[in-house]
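Below, chain A partners chain B and then partners chain C, in two separate complexes.
On to the complex of A and B.
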């Protein structure tokens, strides 16, 4: 097997995002970028697959803005090298943009025949990048993969379907979209973090991979990003001085009145 | 308006997508592509499609092998919209088709509307924390949709239309086995009432208390992601959230669940939400209709007493 490329996304952590109660807009100021949680599992799966398949290398690949800062974090998770593309035009990237840039990056890296993507990112959750990448590269797409094993020159992939498991056998090249169960993602050790500093982080540019900014224009115009208004009644049944027993009675009575019980 | 295509995982979902197509534009001709046999295609016509293609699940290959034929047909027919099931197979097909057509695709698009050539709609971001409203102008726009997004029309068996199939690509990855899940005794997607448990339950045995309450009100028991995925105390089919089940019961009684956006996304369409959590700051309280600040160890017995008394 040649190289394994694991695509990862450098996303804002959603735990520090606050909602402005008046405007319903998101306050992203306190939120720091991180390797998308699902991608940590996928990076671990890529590292394990390299060992099992005897692949020549496993590399991390990302594109976006401020992605240079992602390389140490990604490298501490086990890949041999990272390729990142950092360009302001990526600020408005949608799945179409991202997959076009990743496809060109992977062609530029060369000798890649297994590409792993998490099925979804923790910010957009669009679940499009892997299959789009497959279509652009002309490789088969196998999504929802929960286990990967090597069988000769083929890969055996367990797809998690609504009604059970579909076992797929495919010869690389292939684009595999994974679900988090594919591999546990250990927290990088101090040794892993120190080791990351010695591994190569390679910067690629749009011009360098043969793309114009125009070729990767997003297909969507974003009108707004707003937290939904809560339509819920938000009634506390045990305000100060009300016992749990009385609150329970009030709840059962209310649900009966509403015709639910 | 040009044609609207629907590509569906199964016939019931096709009926929902057809209802969606009719809601978006009453006049457009609907062409359906359904996983299944000729009877599924005829069923799609009975539900309102003008013509239909059946795409049987290949015994020895993945269903996504229909993508090249679908892409070729889409390039020739230029449908204005393609609505697809937000199921694993159809999501994969949606993204591949979108790339081959260089087209925009709304993932689990809500409130889709069309004005001229411009399609607008909402998708959710940051695990359900916010909705992104976006627009796209393109020859063909794709949208994946949930299985309950629209109310399907009843079938009219007198409707008729042409039925055909499409070829599978020759180089489609092979399927060597399909292992069905062990039959599930619960289907929380269909339950009218749900009692749901989270990390407020420190021990697997404690879930029995929630089951007792559920039996008393005729509810099924569901859970948050950690209970199923990390502790494996309940089957995966039971967890509610963005990556699990998205349900719309009459009653969702959440006990000991903090109420992260990812979980709330799974119950945003529930009619009534009740939260029980000992933490007064639990996010679920502010996203409930009624809430009780208290330990489930006190609240469950009190509820049982109120029901029986």
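On to the complex of A and C.
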């Protein structure tokens, strides 16, 4: 087997996203980018597959904005190298443009015959990148993969279905979309993190992979992102001077009016 | 050969300072920090006296993420119904050699750690140093998960509850009377509102300390520091005080935030963060073994912190101890001798510096603060009573001395005198 490429996305951590209670808009200021949770498992699967299949290398591939900062984190998860494309125009990328860029990057890297993507990213969850990438490269696309094993020059893939498992056999080149069960992602150890500094992080540019800025124009625009309407009533039961007893009585009354008690 | 000259456990102020100074001198240094991000686990009230860092990074405040320069000091004595405040504003507070800044550790610590990294240190975060690595009795590095990492010297800058310091046999397990508990909230407010409410210009801040009701009239006090577009408020209480308190720390915190003097200052603000942390408070008596073969203790791990009832000071000591530890390790590297023969030079350096001198100067402070209960109840009440008499008019006037003397007698003039004397020797 030649090279394995694992696509990963550098997304904002959702734990620090705050919601403006009035406008329901998201405040992203405090949240920091990280390797998408699902992609950590996929990277682990790629590393395991390299060992099992004796592939020549496993590389991480990403495109987006501020992706340069992703390389150390991604490399600490086991790939031999990463390739990143960091361009401000990618801020408005959608699945169609992302897959176009990834396809061009993978061709540029060369010698890649297994491409792993997570079924979806933890921010957009569009579930399109893997299948689109397969179409653009002209490779078969296998989705929902929960286990990968090597059988001669083929791969045996367990596809997780709603009510069972389908086992398929495929010969690379292939694009595989994985579900998190595919592999647990260990927390990188100190030596993994130190080792990451010594591995190559390669910057690719749109021009370098033969794409114009026009080619990455998104096909749709996002008008708004709003958090679900909060159903909180915001009733204060202990305004100035209310005793605990009275507040407790008021609370019981409120809860029974609302049909909770 | 060891993997590194030095491994530093903890990327707080003491650890990153030491790491930076050692790397600058060409030593190979690994820093291990267990927080999700550098600084994310660290709590301070908020005031950094700049003199310590000024020696390492002259003019650092121009580029470091400090919040505001403290140009105004306030101290309040609070009772349930009154608040007596003194304010001191002075250009002398702005003098670079003695200036202080409000800081937020989530911003400040990453800046310092980045300096260490730029100087050539490997900074690994998040990663926990679980244990010391030994070859017989000799400490030769640390264990982090499954990884073993070796170094000629290990600098323990792992904070007040230094588990590795205990494992190295340099510290005892913390006992309740050696620590205070601090909690803090960060309240977000527009910068303009902070400037207006506290009477500040851009970049200027206030430090405000509170005695009396905030600690439920027990040993401890409240603090408030203005940041760029947030206000830090919090309480520090001794564990002894807390165990006798009728109110729990979160309830006291809530009551403090909602109290008459504080509430209007924070009106319309949102609490965006809550944190709690231990504060070393044993003073000189609590100082552990500071050096042994191949190991040094720094900052809070070494107990370099002063809790002077209403205010805590530890960050400048942490930075200074980091610098002195680095000097010692650099000497040990030159002599290629990491035994206590050379490393104990750290203790002599500390003794010559203000770090241990201050601990000695204030050696009676912990006992004074713990035992002088009047500081938290009788005196705030006395201040409130005297001032209420002076300022409330409801009929014929009396001489001020007639009004105040009985109050002072009620508070116990002898005790007041003794506390004054003892306090002047302790604080």
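By our rule, the second predicted complex is superposed on the first by the 229 of 261 C-alpha atoms of A that agree within 3 Å, B and C clash if a C-alpha of one lies under 4 Å from a C-alpha of the other, contacts with A are read in each partner's own complex, and residues count from 1 in each chain.
Convention: a contact is a pair of C-beta atoms (placed from the backbone, for glycine too) under 8 Å apart; a residue touches a chain by one contact, two chains touch by 3 or more.
Bear in mind the structure is a predicted one, so any value in this text is a computation, not a measurement.
Asker: Just to be sure I read the superposition right, which of the two partners does A:189 touch: chain B = first, chain C = second, or both, or neither?
Answerer: second
Asker: Answer with first, second, both or neither: which of chain B and chain C does A:215 touch in the superposed model?
Answerer: neither
Asker: State whether A:230 touches chain B only (first), chain C only (second), both chains, or neither.
Answerer: The answer is first: A:230 touches chain B but not chain C.
Asker: Mind working out whether A:207 is in touch with chain B, chain C, both or neither, as first, second, both or neither?
Answerer: Touch partners of A:207: none, neither chain B nor chain C.
Asker: Please indicate which partner A:51 is in contact with in the superposed arrangement: first for chain B, second for chain C, both, or neither.
Answerer: Neither chain B nor chain C is touched by A:51.
Asker: Determine, under the contact definition given at the top, whether A:66 touches first (chain B), second (chain C), both, or neither.
Answerer: Touch status of A:66: no partner.
Asker: State whether chain B or chain C is in contact with more residues of chain A in the superposed arrangement.
Answerer: B
Asker: After superposition on the shared chain, which partner residues are touched by A:136: those of chain B (first), chain C (second), both, or neither?
Answerer: A:136: touches chain B, not chain C.
Asker: Is A:159 touching anything from chain B or chain C once the two structures are fitted on A? First, second, both or neither.
Answerer: The first partner, chain B, only.
Asker: For the complex, give me every residue of chain C touching chain A.
Answerer: Contact set of chain C toward chain A: 30, 32, 37, 122, 124, 127, 144-147, 149, 272.
Asker: Which residues of chain B touch chain A in their complex?
Answerer: On the chain B side, the touching residues are 62, 64, 67, 87-89, 91-100, 102-105, 107, 120, 123-127, 129-136, 138, 171-181, 193, 217, 229, 242-243, 250-251, 261, 268, 271-274, 285-294, 298-299, 302-303, 305-307.
Asker: Within the complex, which stretch of chain A touches chain C?
Answerer: Going by the criterion above, the answer is residues 18, 32, 189-191, 193-194, 197.
Asker: Can you tell me which positions in chain A touch chain B when the two form their complex?
Answerer: Interface residues on chain A, with respect to chain B: 12, 14, 17, 19, 24, 26, 94-96, 99, 120, 122-136, 140-144, 156, 159-170, 174, 177, 180-181, 219-228, 230, 232-238, 244-245, 247-249, 251-255, 258, 260-261.
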